[in-house]
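What follows is a set of structures to go through.
Here chain A shows up in two complexes: once beside chain B, once beside chain C.
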Partner chain A sequence: MMAPFFKYALFGENISLVVAFLVGIGFGFFLERAGFGSSRKLAAQFYFTDLTVFKVMFTAIVTAMLGVYWLSVFGFMDLSLVYLTPTFLAPQMVGGLILGAGFVVGGYCPGTACVGIATGRIDALVLFVGIFAGVFGFSELYPRVSGFYMSTSMGQLTLPQVTHLPYGLLVFAVVLMALGGFIGAEWVEKRMAARKVEA
Partner chain B sequence: MAEFMKKLTLNGRLAVVALLLGFAALFAGSPYHGAGASVNTKELALVMATGADQVGVTTLADWIIQGKSNFRVVDLRKEAAYQEYHIPPAENIPVAGLAQSSLLHNEKVILYADDGARAAQAWMLLRAKGYQGVYILRGGLEAWKDSVLFPRIPGNPTPAQLVEFARTREVSKFFGGTPQALAGDSASTSQVVMPRLAMPAPQAAGGAGAPKKKKKEGC
Partner chain C sequence: MEAKPAQPYWNPYVAGVGLGLVLLASFVVMGRGLGASGAVASTITAGLNTVAPGHVAANPAYAEYLKDGASPLKDWLVFEVLGVFVGGYLSGMLAHRVTRVVERGPHITAGKRLMFAFIGGALMGVGAKLARGCTSGQALTGGALLNAGSWAFMIMVFAGAYALAYFMRRQWL
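On to the complex of A and B.
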């Protein structure tokens, strides 16, 4: 568990597993509710006909950001305890492209594949097997790629550190970006729907 | 305003809320609390008075021999001194680096330096930062040397003392130390050599076989 409540000793390791289980069930439930158990819905994202993925993800980001920010400002949470994934710029860009390509081809990302399996989808199951084949292949290749894997290490970065802008200003900017993104997404969806009708 | 909100869809209302919270963030400043901290002086005084803030060197030695891993030992001294000798499982974190260290708030952490003062300062810092399971090694490294590595054992013990001394001797040997005979002649106490760092391995690791066996007999 990476959440600060665990590090704050509000509960121990055993309870943290229970909490992780409950959070996982909640996550899966909302992915399914958003329709992410279907590879058709997910793949439609990349043809700009259905931008639900974009909207759901950006909503989650904005909600989490505002929640964490205001809880920290009011002293309910210690932001310095939250784990940040370290940045390895070049390998993460390559990894992101590979994941994206797999997402387009397979129609699932790892989390949504689990959701798809839970509702009995065979394509999700096949993709899930593929994930582990990929993990295995990478592990076997690791000695050869470890140099690149560890390259361009930039440590644990946050937007305020990189941009040297005030934290609050960036919070506002991300909210504006998200709201702008939602309006843009709806517009794109309408245009693509119209084009479909024409064709 | 209420009229305007009523006309909106649920999505629209949520968007307005997000916009307001985001706008207010412009003026709310940084969410990081910086270097400040607050302490419950009453609680800390009670812990100090009852001695619940300390762990004895022999207790720690027993934990290490038993292969317990539910605690972390932190050496607060300079790196050079740490390289020269440190208690086997200890990691080196100078006092200035404690705030950025990887210690968790719910871990059992045992602090030591050469004597008690430096460790007490670090203990106070960590408690103020909200770390719950922080302990001071009573007497620091000096006590570790005196009671664990080089214990003084009288030349003519009573039968009752014998058992205890045999145990002390085993513990000392486990950590690569040499028990000192306290027979009165100064010649025997002159050879105080710090143990080599590679020697003491916790029970779990498949290190040197000899001390491992002996220790098992002792338990």
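On to the complex of A and C.
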């Protein structure tokens, strides 16, 4: 075992902030390369005309998932040291619903809004101010909603634990699902493009 | 001087592999994934803490972002998000895609578009707080780790967006 390097104290907190900045540069770079600095391109996902959001997201998930899986199988990385956000099922599902609604209303998600701002999109800047308002509003009301926020606590929970299926099998299933999704996405985009030509 | 035309975006699968490798590098080097919305909470906490430290300390929604002795801004996600701005700008600049514009569909005014952008952002702020993460911290990061709550979150994000898409069509189409 060598990784995660930070957890094995190969460097300290100040260096970790440099790493954060570099990771962020990579993150922002590829988001922009994919076209995620554009709200119209992002929103097109929800009208089936351009499914880039789905394709990029699931390609990224599959890439990182396979990397994590093989690195832990070969004993290079201790997966138990990678931070896993604990599951609070109900608030996470409701939060997802609200965030999804915000996505189609606003056109960016928080990370892509940063890229939008960096490439001059004024709508991204206004949306980012809106995020501040939302986070502030939620935090001010937190004492009143903390009951729901803390409800359905299930601890750190992974899909292998929920389904009682082997980790490797689920990884394989997600890869198959993603590949099926990509084939479907290409087909849908072609159909939508053809429809547009007819109309 | 004539502005150079914007270059086409990368193939989504190529960009996705790049994004996935950045996420994987973060797991390997740091033992944590990506994020975005957490940096907003740190920034608000830092600001409030200078004017009303008692208010911040009394509310766990802020207090969890306090660091003993250091500013809440000396935070991993804050530095990561600063990097996102830089990386986004670099990519956009190299591809001639940096333009000051209000992006909108052909049937909506810029003012209305900005109003919707603000409302959408506010909804997202609430949603990300409630869900303990956004598309980066939950969907991407948790998705790759097969985190149960993250997958539930991700499905609901798409459900919420598609459910409202019809009513928002005049903004985009």
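Note that the second predicted complex is superposed on the first by the 196 of 199 C-alpha atoms of A that agree within 3 Å, B and C clash if a C-alpha of one lies under 4 Å from a C-alpha of the other, contacts with A are read in each partner's own complex, and residues count from 1 in each chain.
Going forward, a contact is a pair of C-beta atoms (placed from the backbone, for glycine too) under 8 Å apart; a residue touches a chain by one contact, two chains touch by 3 or more.
Small disclaimer: the values here were computed from a predicted structure and weren't measured.
Participant: Judging by the criteria at the top, classify the pair chain B and chain C on chain A as clash or fit.
Facilitator: Superposition result for chain B and chain C: fit.
Participant: Is A:25 contacted by the first partner chain B, the second partner chain C, both or neither?
Facilitator: second
Participant: With both complexes superposed on chain A, which partner does A:167 reach: first (chain B), second (chain C), both or neither?
Facilitator: Touch partners of A:167: chain B and chain C.
Participant: Of the two partners chain B and chain C, which one touches more residues belonging to chain A?
Facilitator: C
Participant: Go through the superposed model and pick first if A:188 touches only chain B, second if only chain C, both, or neither.
Facilitator: The answer is neither, since A:188 touches no partner chain.
Participant: Pick one for A:70: touches chain B only (first), chain C only (second), both, or neither.
Facilitator: Touch partner of A:70: chain B, not chain C.
Participant: According to the stated criteria, A:62 is in contact with first (chain B), second (chain C), both, or neither; which is it?
Facilitator: Both partners, chain B and chain C.
Participant: Tell me which partner A:121 touches in the superposition: chain B (first), chain C (second), both or neither.
Facilitator: So A:121 only meets chain C here.
Participant: Considering only touches as defined above, state whether A:175 meets chain B (first), chain C (second), both or neither.
Facilitator: So A:175 only meets chain B here.
Participant: Considering only C-alpha atoms, give the closest distance between chain B and chain C in the superposition, rounded to the nearest Å.
Facilitator: Comparing every C-alpha of chain B with every C-alpha of chain C, the smallest gap is 6 Å.
Participant: Considering only the contact definition stated at the top, list the common interface residues of chain A for chain B and chain C.
Facilitator: In chain A, residues 6-7, 62-63, 68, 81, 160, 167, 171, 174, 182 are touched by chain B and also by chain C.
Participant: Any idea which chain A residues touch chain C in the complex?
Facilitator: Residues 3-7, 16-35, 37-41, 43-47, 52, 55-65, 67-68, 71, 77, 81-89, 91-124, 126-140, 142-143, 145-146, 149, 154, 156-162, 167, 170-171, 174, 182 of chain A touch chain C in their complex.
Participant: Can you list the chain C residues touching chain A in their complex?
Facilitator: Touching chain A: residues 9-10, 12-13, 15-34, 36-37, 40-41, 43-44, 59-62, 74, 76-92, 95, 97-105, 113-114, 116-165, 168-169, 171-173 of chain C.
Participant: Per the contact definition, I'd like the list of chain B residues that touch chain A in the complex.
Facilitator: That would be residues 15, 18-19, 21-23, 25-33, 104-106, 130, 132-133 of chain B.
Participant: Which bits of chain A are touching chain B when the two form their complex?
Facilitator: 6-9, 12, 62-63, 66, 68-70, 72-73, 75, 78-81, 160, 166-169, 171-172, 174-176, 178-179, 182
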